[in-house]
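As structure tokens, here come the structures.
After this come two complexes, each holding chain A, first together with chain B and then together with chain C.
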Partner chain A sequence: MFARLFHSAEARRILYAYIAALALFIIGQIVRPGFLSPASVESVLLIASFVGLVAAGQTFVILIGGIDLSVPWVLNAAAILLATSSLGENARTAQALLITLGMGALVGLANGVGIAFLGVPAVVMTLAANGIMEGLTLGLSGGMTCESCASYAPPLVQALTHSKFLGIPSALWLWFAITLLVSIALSATRFGRHTYAIGTNARASFLAGVNVTATTVILYMLSGIFSALAGIMLVSFGGQAALGMGDPYLFQSIAAVVIGGVYILGGRGHYIGSVAGAICLVTLISVLLALNMPEYGRNIIYGVIILLLLLFYGREEEES
Partner chain B sequence: MPQYKAMEHTALAQPFRRSAAAHALGQNIGLILVCILLIASILAYCGIYYAAQERLPGGFEITSTVNNTMPLVLAALAQTVVVLTRGLDLSVGGMMDLSNAIAAVTLSASLGSMVFWSVAILALGALLGLLNGVLVAIGRLQPILVTLATLSIFQGLAIRVLPQPGGAVPEAYTAALVSTKAPYALLYVIAFGVLWSAFRRTRLGVSILAVGNDAQAARAHGIDLIRTRIAAYTLSGMLAAAAGLFLAANATAGDATTGNGYTLSSIVAVVLGGVSLFGGRGSAIGAMLGAFVSSMIVNILFFSHIDPLYQAFYEGLFLVLAVVLAEAVGRLVRKAS
Partner chain C sequence: MTAKTAIGDMPTPAVEASNVRKAFGGVVALDGANFSAASGEVHALVGENGAGKSTLIKIIGGRLHADAGEVRIAGRKVVLSGPDAAHRLGAWTVFQELTLLTWMTVAENLFLGHEIRNSLGLIARGKLFSKAEQVLADVGIFHIDPRALVEDISLAERQLIEIVRAITQNPQILLLDEPTSSLVERETVWLFEQIRRLCKNGTSVVFTSHRWNEIRTIADRITVFRNGKDVGTFTELGEEEAVTLMTGTRVDVFFPPLPQAPQSQPALSVRELSGPRIKSVSFDLYKGEVLGMGGLAGHGHREVFFSLFGAEPHSAERIEMSGKPVRIRNPRGAVRQRIALVPEDRKTEGLLLPLSVRNNLTLTILRQLSRFGLVRVGEERRLAQTLVERLKIRARDLFVAVGALSGGNQQKVLLGRWLLAASDVLLLYDVTRGVDVATKHEIYELVLGLAREGHGILFYSSDAEELAHLCHRVLVMREGRIAAVLSQPGITAEQIVAAAMREHATV
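For the complex of A and B:
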């Protein structure tokens, strides 16, 4: 059932991404002994799991040739919403989680409707949605000055995210479960086949009876939900929400998806690759931090390495 | 996205030639819409300004609006050239940061220094744009990924050049680019408009539009795809560097981060200006007007006493509405003509 995953060219790209991640870990161990210690690997993977959650949604929409630029403020709004709607009380946990994930789904719904029904280009629609969420978040929270804005995530959720099961942090278990679910959805369901079909040729899929608009809307909703989930995880990890906490996740999620071998114009790739991409990216950033590299140097090397990775395996096969 | 439905206008559906006027209307609908949008936003701005200040905006307001819009005008031009080839340049903001930072560090009051460093910065912009172009055209990488990576590199270089906001831009330089006496900067806009009209009729101009419209057909007609794409990104890099110079002249000092926001706002200006993100359709004049519409919206929000925290909300809402309406009107016009 995972036949697509073993399709040679795609499988090779995913394999490269895992090899690159492994190589980066080894380089980390060379420049900073102890980088490969269990505690250090665990913390790198934990940070990668946040990127990986956002990248799950980004993978879905990029597979149909779309993109989701609304990630930063959906994530940020989710983090703030979880704290303010629960007021840090365990009793309100369930409803706060529902409201927060529902908010993510709603933004995704709006994105999907704008793109699939109104014909707005995905870049424009999700860029506008990001602005709308930024304005709403800042305005409704009074720039994080509202009374409930100082609330923490419910202790129950905080304890859960910090807990370990069989010696492995539960955040990583969550990521593992989501990787499994997303992989099954992509490789073994009708929904997954439709997603790849739309990414390969939307018109042909439409003529073949695929409900292109409905699938597109669902994919953007999933992306919104995953961004919100990443926001929930981040706020439960750090305890409190902050303005601008979502900003790094836009470029990182896109970079992770691309490093993982997903074709940016859609139709090819797999979330298994994006997972490797997220690990690669976060390991790279950690190595650069371990080297005490100043900010400018990190920016430059980060860009150069992404370019090198792309030149290595991100090239288009045929001249367009 | 619903390209799968884009079968409305086949040759069979339109057996007769359209009249010249209808053809011109259909061809320039994006430009016409952005003109209407600009006039409407200026009227709305004047109305709100009058309600708040009991007088119409005077010379000072006009001059400062024009001057504040100039960096975005140049950024929109930079974005247009690349978008027309069906690409996207996310490094515009990083290039502006770099150019802004170098200008703040190097410019001194002598004429020779100002001319030399301006030319040097523009040349650097062209060189870095060339790098983008080579990676996209010869490296066969997706534009959005290449420029995402170079954005990070350019921002890093900018912070290296100017770690803290500072430096100084000579008064004479500010006066030459964005005179505070009168909206002389509009002369640049007019000059760019004239230059664009000439440019789009040159071999390179036609090639850029053709590549964006249909790369295969363009190649079949003997257009060198690689050279055209490289030229477009080079031009874009130089224009983005010019945008950074205007930013420096405006602020009279340097800051290696103020350019960041221009990547996204240049895309907004281009879209408002009726340039198709699918390439091959649109004009730089429209994009420049789109830049002015963007800043009029900011002005309107400011004077209508909307909580500045909500500014991004209204801008986002307006962007979606403008695109949806423009699409609907464009479809109506094309159907009617």
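For the complex of A and C:
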């Protein structure tokens, strides 16, 4: 099984991504001794898990040749919704989580319906959804961030990122479990087979009796749910929500998926690759921060890396 | 019939192609084709679908590159880098598929690529419409408004504009690929007047048509194509002789014997099926029958197949599967009714090329194969393996990408998918196209084997010979209707081609 896996170009890409992550950790250690200490590695992975969660949704939709640009404000809305609907009380945690994830699912549903049934291009549909969510969030919060509205995440939610189980933060266990579930969903279920089929050729899949529209809608719903989940984890981590906190996650989630070797036009790739991509990206950010690289410099570097990867992977595609 | 293959004392031909070869992947479209047309001559190219006429026209028009051989225009060997290069040498093409920009006006389309500009180099919009009106009037067209958007005018009018665009360039060589297929008789008469006028000025006109009386009316010479080769050039040729030449007798394909006459119970009954390009199609397909569907491309076969599979809008008075009325709204519904479709283009509409043989085989039966959404991989592998063995699919293993297999084996995978789905009715659309002879034979055996098992098979083929040998009955379609129903024994390819070309079939 694994021998076969590592013969293909996509498997090699995943391997490259893990090697790159490892190399970056070592470079970090050289640049700033202590980078490889358990505490430091732990915090890098914790931050990577936020990117990784968003990237899970992004992987799903990119696998069918789509994209989800509504990530930033779904994530942000989720963070604010969780803080405000729970009022920081443990007793309201369950309903707050449900409302928040439900909101993510609902935006995803709208995206999916627009794309699959109304034929709106994914870029346009999800960009519009992002705009609408931004407007709704700003309007309903009255432009107030929760830093000023004094709503905190309930201690139970905060515990997600601040408690440990067997010496590893709970959030990492959660990410691990999700990685397992997403990988199984993609590789061992009918739903996963249909996803790859649609991403390879939607017309041929339709003519083979695959329910292309339903599958597409579910994939976008999953993406919305994962964005919302990432929002919850971020509030858990920081305790409070802030306006604009979702902004970096659009670029980073797409970058993680690309670095992880998922074919940007769909049909090929694995979430396990996106996980490596997320770790790679966050490690790189940490190394650049350790080098005191200003933000503009970091942004240029991300852009160049994505371009180079796409160029390189594009070349490889033509050869095979 | 006077055959004149030798062109002895003729002057330098306006256009000449010698030994032209062109292959698309493994499919050879032109295999050493020769052809030449003189100035002032109307030269018709005839042949079955896929004989290579359109490919040759595209090569002379600069749209395609020949793999081998040469093209000479006015005696000079040319290598055309694109349509532009052909235009510079005076060769203009009117294509079968329309190339107008639908959201622009008629006038803008007429001058596309050579726009009228003012002194600033900008497009002179004011002059555009008056100039267009004048151009249209010059060729005797008064009923098309140059201000109209192309999307608002009829198909025939679009074709006329397409033709006007080419003939106003004073072409030395005018290439017309089935220009009359969407025209009514009056417009065809107009076209022939234009052609005669151009010829008088020395233009060489090359054209293809499937309508024999048009060829008889306008052509000075006729070159017959078969299987990518020219099989003769004639100044006079009877229809029957032409059909014989076009179909030929293929010694290289051996057809297996047809199984017993089918059972008396219909697997599929269709009544009054209509759609955008089909009109009142009714037929019964019996269990164990191979029902052929023949005729020229673009006459509604594809639409019949896709409608029955729920992939094209349609209406029908009644569709029954084994006597039970059904409604088929989408391919999923068709699969549930155990109808299968193997589409024409297996690479874009059938298979998922980068995915494995196994994934392609089991795609439609994943529901039966799953428990709680999880695919039962062991069972899946077993089923896929049995099928690979049964159909003799030559693949290294079940996990090799389908795209890496040969055309014939790809086709078998696609057929295999529908066998796994236990389909009662198989709609097979040109399944042997682009498949080598040996695999063709295997597919024939397979199709007849399926019929013997009681499957009902609707079989379209662009190869009339195949239909004549492989089908119990053949429906010949023309302009969206069933124009003729031929029954065994004694169906011949000639009969099918003749029925398809006749204006009003009486077979």
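Everything below uses one rule, namely that the second predicted complex is superposed on the first by the 293 of 320 C-alpha atoms of A that agree within 3 Å, B and C clash if a C-alpha of one lies under 4 Å from a C-alpha of the other, contacts with A are read in each partner's own complex, and residues count from 1 in each chain.
We adopt the following convention: a contact is a pair of C-beta atoms (placed from the backbone, for glycine too) under 8 Å apart; a residue touches a chain by one contact, two chains touch by 3 or more.
Because the structure is a prediction, the values reported are computed rather than measured.
Chemist: Evaluate whether chain B and chain C can sit on chain A together after superposition, giving fit or clash.
Modeler: Chain B/chain C on chain A - steric clash.
Chemist: Taking the superposition as given, does A:206 touch the first partner, chain B, the second, chain C, both, or neither?
Modeler: In the superposition, A:206 touches chain B and chain C alike.
Chemist: Who contacts more of chain A, chain B or chain C?
Modeler: Counting residues of chain A touched by each partner, the higher count goes to B.
Chemist: Taking the superposition on A as described, I'd like to know which of chain B and chain C A:268 touches: first, second, both or neither.
Modeler: second
Chemist: Counting only touches as set out at the top, which of chain B and chain C does A:299 meet: first, second, both, neither?
Modeler: first
Chemist: So in the superposed three-chain picture, is A:197 touching just chain B, just chain C, both, or none of them (first/second/both/neither)?
Modeler: Second partner only.
Chemist: Quick check for you: in the superposed arrangement, does A:183 touch first (chain B), second (chain C), both or neither?
Modeler: In the superposition, A:183 touches no partner, neither chain B nor chain C.
Chemist: Looking at the overlay, does A:158 come into contact with chain B only (first), chain C only (second), both, or neither?
Modeler: Neither partner.
Chemist: Tell me which partner A:29 touches in the superposition: chain B (first), chain C (second), both or neither.
Modeler: Touch partners of A:29: none, neither chain B nor chain C.
Chemist: Tell me which region of chain C runs into chain B after superposition, given the options 19-27, 145-153 or 433-441.
Modeler: 145-153
Chemist: Under the contact rule defined above, give the chain A residues that sit at the interface with chain B and also at the interface with chain C.
Modeler: Of chain A, residues 203-207 contact chain B in one complex and chain C in the other.
Chemist: Which residues, counting only chain C, touch chain A once they are in their complex?
Modeler: That would be residues 309, 311, 330-332, 334-335, 341, 343, 348-355, 359, 363-364, 366-367, 369-370, 373-375, 377, 399, 417, 421 of chain C.
Chemist: Spell out the residues on chain B that touch chain A in their complex, using ranges where they run on.
Modeler: 1-5, 88, 135, 139-142, 144-146, 148-153, 155-160, 163, 215-216, 225, 264, 267-268, 271, 277-278, 307, 309-317, 319-320, 323-324, 327
Chemist: Quick one: which bits of chain A touch chain B in the complex? Just the residue numbers, please.
Modeler: Listed in rising order, the residues of chain A that touch chain B are 65-67, 114-116, 118-125, 127-136, 138-139, 142-143, 202-207, 212-213, 216, 251, 254-255, 258, 264-265, 295-304, 306-307, 310-311, 314-316, 319-320.
Chemist: Which stretch or stretches of chain A touch chain C in the complex?
Modeler: Those in contact with chain C are residues 4, 184, 188-191, 193-194, 196-197, 200-201, 203-211, 267-268.
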